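Shared between the two complexes below is chain A, which has chain B as its partner in the first and chain C in the second.
Moving on to the complex of A and B:
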């Protein structure tokens, strides 16, 4: 009761805003405390490293540490541009992501539509389980599987090629083959799981619309072409725009376990931003160059997300992120 | 996934319907088999004698059946058992702790009467937009937190992610706020409401999120590789597997205490056998929990 009277008098007095703020803070204190572990987590593991990007502007050497190393301004970026590294990394990262996003979504839609057409229940269940399986294994195992297929001496691919009378392929030193290998592996791993979203969307389609179309004489192809595909279009666009936000983020696990970070012969077609940064940290110990690439990635990635979100807000405001 | 509700040929089955069904069955069959075959390749090779591998290469069906690789792996099981114990402990502790924090945060941030929910949500979400990158993160863990060669360097960064908190928020959204309100009128505190009311009502959500966290820990190799050095005897399972795959020396060393001459160590089949031992149990377990992952991606992906 006493607090109620107090707050009433506070409402009249001039100190109202601060009092209210304090009171609101007090009312929310438990919920705030409940958020503290998560806030601490993100401060330590996400926000604390951010100022470390200052490394991009110095010539870091281990003995001097961050604050005594020479400040070099934009020299590191200049170097990255002049050597052509930055262009290669950007091109590879973005081109792979575009291929992943477009081919991935198309294949996911195809799988979802076909799954929906299946009648035999056990077959549907078993095939779904098998198609999800690659999503649940670690990137390390994916690397081993690729080695099983591609190894020059023992790989399955070369056994097949030889039995057909062709020369064996030196896959691990041939940069031309890798875009296909990497994209195929990505599709192999992600299609089944990714198709769930589209399959769920088809489930949300009103059955009456389908039945009405059938009464009007639509055949199965027309049903897919004129009802299901247009129905999936918004989901497709939203997923597309969401993934656009991550267009500069590479799938390190996939590239690293398939190719490694130090296979010089394959840089032209397999070196992405993440593998470059990893290499500059663990192999070359060039912390500044690695940070420069990371900073570039974060800043441009940020701009892309803002643009993508602006596009989402224009097409479907309820799905925009902020 | 609602199995009873499909949109195909519900009234009549004409030629086009049959055609689509056949094409679909063939396509899905081929794709499913393609998803399974690589696992059979690893399995087949793990049971092939090293001689047959050298002569005929890796194959689905062992030309010369041999359990030699498994015998060596299990003759000196200390390393792999140690790896299992490390991974299981990290997964259990990390999942329990991470799940609790994710659930608590997700609930608080979904409360409409929580004053700071938008600010905190953005504070968390912003970390997906901008990051310091690998180098500062590495320096933070190794130099400022001194967690090199410490299992905490694997455990802590995997606890939560913005994605999981958003997923929890989506799950909590389906619980009417009136439940919280009436409990408040009865005098219950926010934390008590969360523990006594919300947690029991969100068990399917907790199972889903818990499995996402657990799968992350089980398959974790990246932080292990960065922060756990070669001096560590017992490594998480995936790092152990990575070392076996990439380093012939490591395989020879781990086989050293068995009575096999170094040149007779079946390098190739041992890689495969280790992969089977490290991954097999999870693959057998996963069909039973698959539906939770399906739930997670439909909730999480549709409402960002």
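Moving on to the complex of A and C:
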């Protein structure tokens, strides 16, 4: 009898997990089906092309194809180190991205909170739409607009400066100005879009908590400081972790179009890995070297994400990604 | 309401029906081409199946042959009309249809190389060893070897090109391209300036050096309100021209990106590789460009300027342009029309010293067969017709007689009622034009031969690097790095925006050194020595 019970419980404990898992799948089938497009997307665009990274280690020959071309080891990575530009480029790319991520997220949170505090409905809608619009303007157009504003001979900025009696500004030959121009443009373009995510998170906050706080006498600042900000922390951390993975991936469209393909006078402060690679590969058209750079970026990004996640797990485990 | 529903249902049913028929139509087409592919695949194997008649070529299967050219696809429908005529002949003679594929000018370099890299089945493709990186692409295995195919499938072309010209068409001992060896053109560069303004500036003789160009630009700056002396756009490159004007150095067929870093010493020492960058020439150039930039000969933002300088010139808003003689001969006629009395002149860079003008390489233009072509035989047969059949040649190059041109006094003239927008025709066929079929046109300047061509004929030297193919493999990383440096510092120096010229030049040289300049130079010299031995000197 006792043994029978024992064997029965043993049977249950072995059978249970698989049955439970299946059941969990079944129970969540709608959610899983909704995930299929995303899963497919990543399989097609992220996992299937992975063998192509092998390109980085070969001397690619069109008629032989990828897997029959000569293996050359790390030779394709050599040109990155050759000019000694690698560290400058990595620094520029990372520094810009840190500025983008930090300033961008902070501004987005601020805007989301403002939107939340606004009580006039039409004003809220209008400002939301207006801030959202720049997201739809292509980088090419932004480059063109910037040129028309900043151009020395005919630009809007210099016309204004001259009419006020100041000296015109030689924007396109002054590298010092460019970090500001680029970061401002980025913020202008991305804030509206990014704030929607935070705004949605705030919307998910149970109104009763806020009301209870109000009854207890919390003013607007206290509400923000003690309720909304902590509430946004997980969203912030997740978005941060996501963007950290791409910290070595520059915003090519923005840089290329704002600075121009040939304005070498500005490279000291505007050259990032993407633009550098674009220049060197467009003249030599070497796929293997291009793949080498993308592999470098991916490996670097991978390490950054793992490290950041590890740090998050140490400090607040419930917010880490995995 | 229900009536409305019925009507919509009916409408949807009809559209679906149309959709279905359209789909099945496409399918039929696909099936057709698929079967031709399998049909010719047997030919690929070497064993020619089917009828062996006459020249032993099987043309029983109808195939489509593509020809890749560079240029913007014409939009006025004239091209299709001409192509229809061409294809009547093609169908009759070789049972094939010729189809033009355009690589449009926007980002042409990328698109052209990508097309070759994609492994797409390209039949015929325009090449150019000095501007389309043909040797680089041959090294990457983009083209088919033609040694065996040519005598059989393009016999007329094969016979008409002499042995020494075929020798310039070989990569690793194998013919990979058909050269445009029988066509006269000059693509040496120079500045185009307005003769009327030069006279006002006191430059009554033709300009023969850069200092006089400087005087001319200064005059325009001071006296022509609203005109930018040279409205140069970002990417304009003058270093090569400066070298040609002020040294005996010869250009080598090796690309180092934005500006040429390597050159041969002189025509007498043509196998000695050197670099004018490391001589005073470069400092003089940088100093002069700084001076020109400071004087405002071009826009302050020239590095970001994307305006079309030629349009500005024609509108009278720019005083100068820079391109080659072939462009000049057409532009002169246009300028006489748009700016009467402008008396456009060209200062060819080679004029200053008269020592380093080489004839054009015969592989500046040409045609290759793509490595993955499914019908290389028929492609070559089509090429043989384009190049050797006068009717096809005239159709493809000039369009329809009576619509695009009529012969007047032995020249091609515009027919009455010709309208540029509606009737304009071009095919951008630069892959094997021949002098014997050319008819002079009234749109090229009629004095070009007695003036510029005559001047060039006095100083020209034969092209000597036709068989030199630089194998980049041993220095691939260094060459990429050197090109990178050239692209990074070159443009700013070219427009005088790099600050103190002496410092900029010093920085440029140092960076070249770290990038591996010496290693590339040594490798280049090594291969040049081998070439010298090969040429028997």
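Here is the rule we use: the second predicted complex is superposed on the first by the 208 of 322 C-alpha atoms of A that agree within 3 Å, B and C clash if a C-alpha of one lies under 4 Å from a C-alpha of the other, contacts with A are read in each partner's own complex, and residues count from 1 in each chain.
By our rule, a residue touches a chain if its C-beta (ideal position, glycine included) is under 8 Å from a C-beta of that chain, and two chains touch if they have at least 3 such contacts.
Given the structure is predicted, the values throughout are model-derived calculations rather than measurements.
For chain A, the partner that touches more of its residues is B, with chain B and chain C as the two candidates.
Within the superposed three-chain model, A:133 lies in touch with chain B and out of touch with chain C [touch as defined at top]. Once chain A of one complex is fitted onto chain A of the other, the partner contacts of A:47 are limited to chain B, with no touch recorded for chain C. Once the two complexes are laid over each other on the shared chain, residue contacts for A:147 go to chain B and to chain C alike. When the shared chain is aligned, chain B and chain C each come close enough to touch A:287. Legend: residue contacts after superposition of the two complexes on their common chain; A:103 is shown touching neither chain B nor chain C.
When the two complexes are overlaid on their common chain A, residue A:169 makes contact with neither chain B nor chain C. Contacts of A:55 after superposition: chain B is touched, whereas chain C is not reached.
By the document's definition of touching, of the two partners only chain B reaches A:119; chain C does not. Once chain A of one complex is fitted onto chain A of the other, the partner contacts of A:183 are absent, as it touches neither chain B nor chain C. In the superposition on chain A, chain A positions 147, 151, 153, 280, 282, 287 are in contact with chain B in one complex as well as with chain C in the other. Within the complex formed with chain A, the chain C residues making contact are 109-110, 113, 116-117, 119, 133, 136-137, 140-142, 234-235, 255, 257-258, 299-301, 303-304, 371-372, 473, 476-481, 483-485, 487-492, 497-498, 511, 514-516.
For chain B in complex with chain A, the touching residues are 1-3, 5-12, 14-17, 19-21, 23-25, 27-29, 31-36, 38-39, 41-42, 45, 53-54, 56-59, 101-102, 104-105, 107-109, 111, 114-116, 120, 122-125, 127, 129-140, 144-145, 156-157, 159-160, 165, 189-191, 194, 215, 218-222, 226, 238, 241-242, 245, 268, 271-272, 275, 278-279, 282-283, 286-287, 290, 293-294, 297-298, 301-302, 304.
Across the complex, chain C is touched by residues 59-65, 75-76, 78-79, 82-85, 147, 151-153, 170, 172-173, 260-265, 267, 271, 276, 279-280, 282-287, 289 of chain A. Remark: chain A residues 24-25, 27-28, 30-35, 37-39, 41-42, 44-53, 55, 110-111, 113-119, 121, 123-124, 126-141, 143-145, 147-149, 151, 153-156, 158-159, 188, 191-193, 196-197, 199-200, 202-203, 205, 207, 210-211, 214-215, 219-224, 227-228, 235, 239, 242, 252-253, 274, 277-278, 280-282, 287, 290-291, 293-295, 297-298, 301-302, 305, 319, 321-322 touch chain B in the complex.
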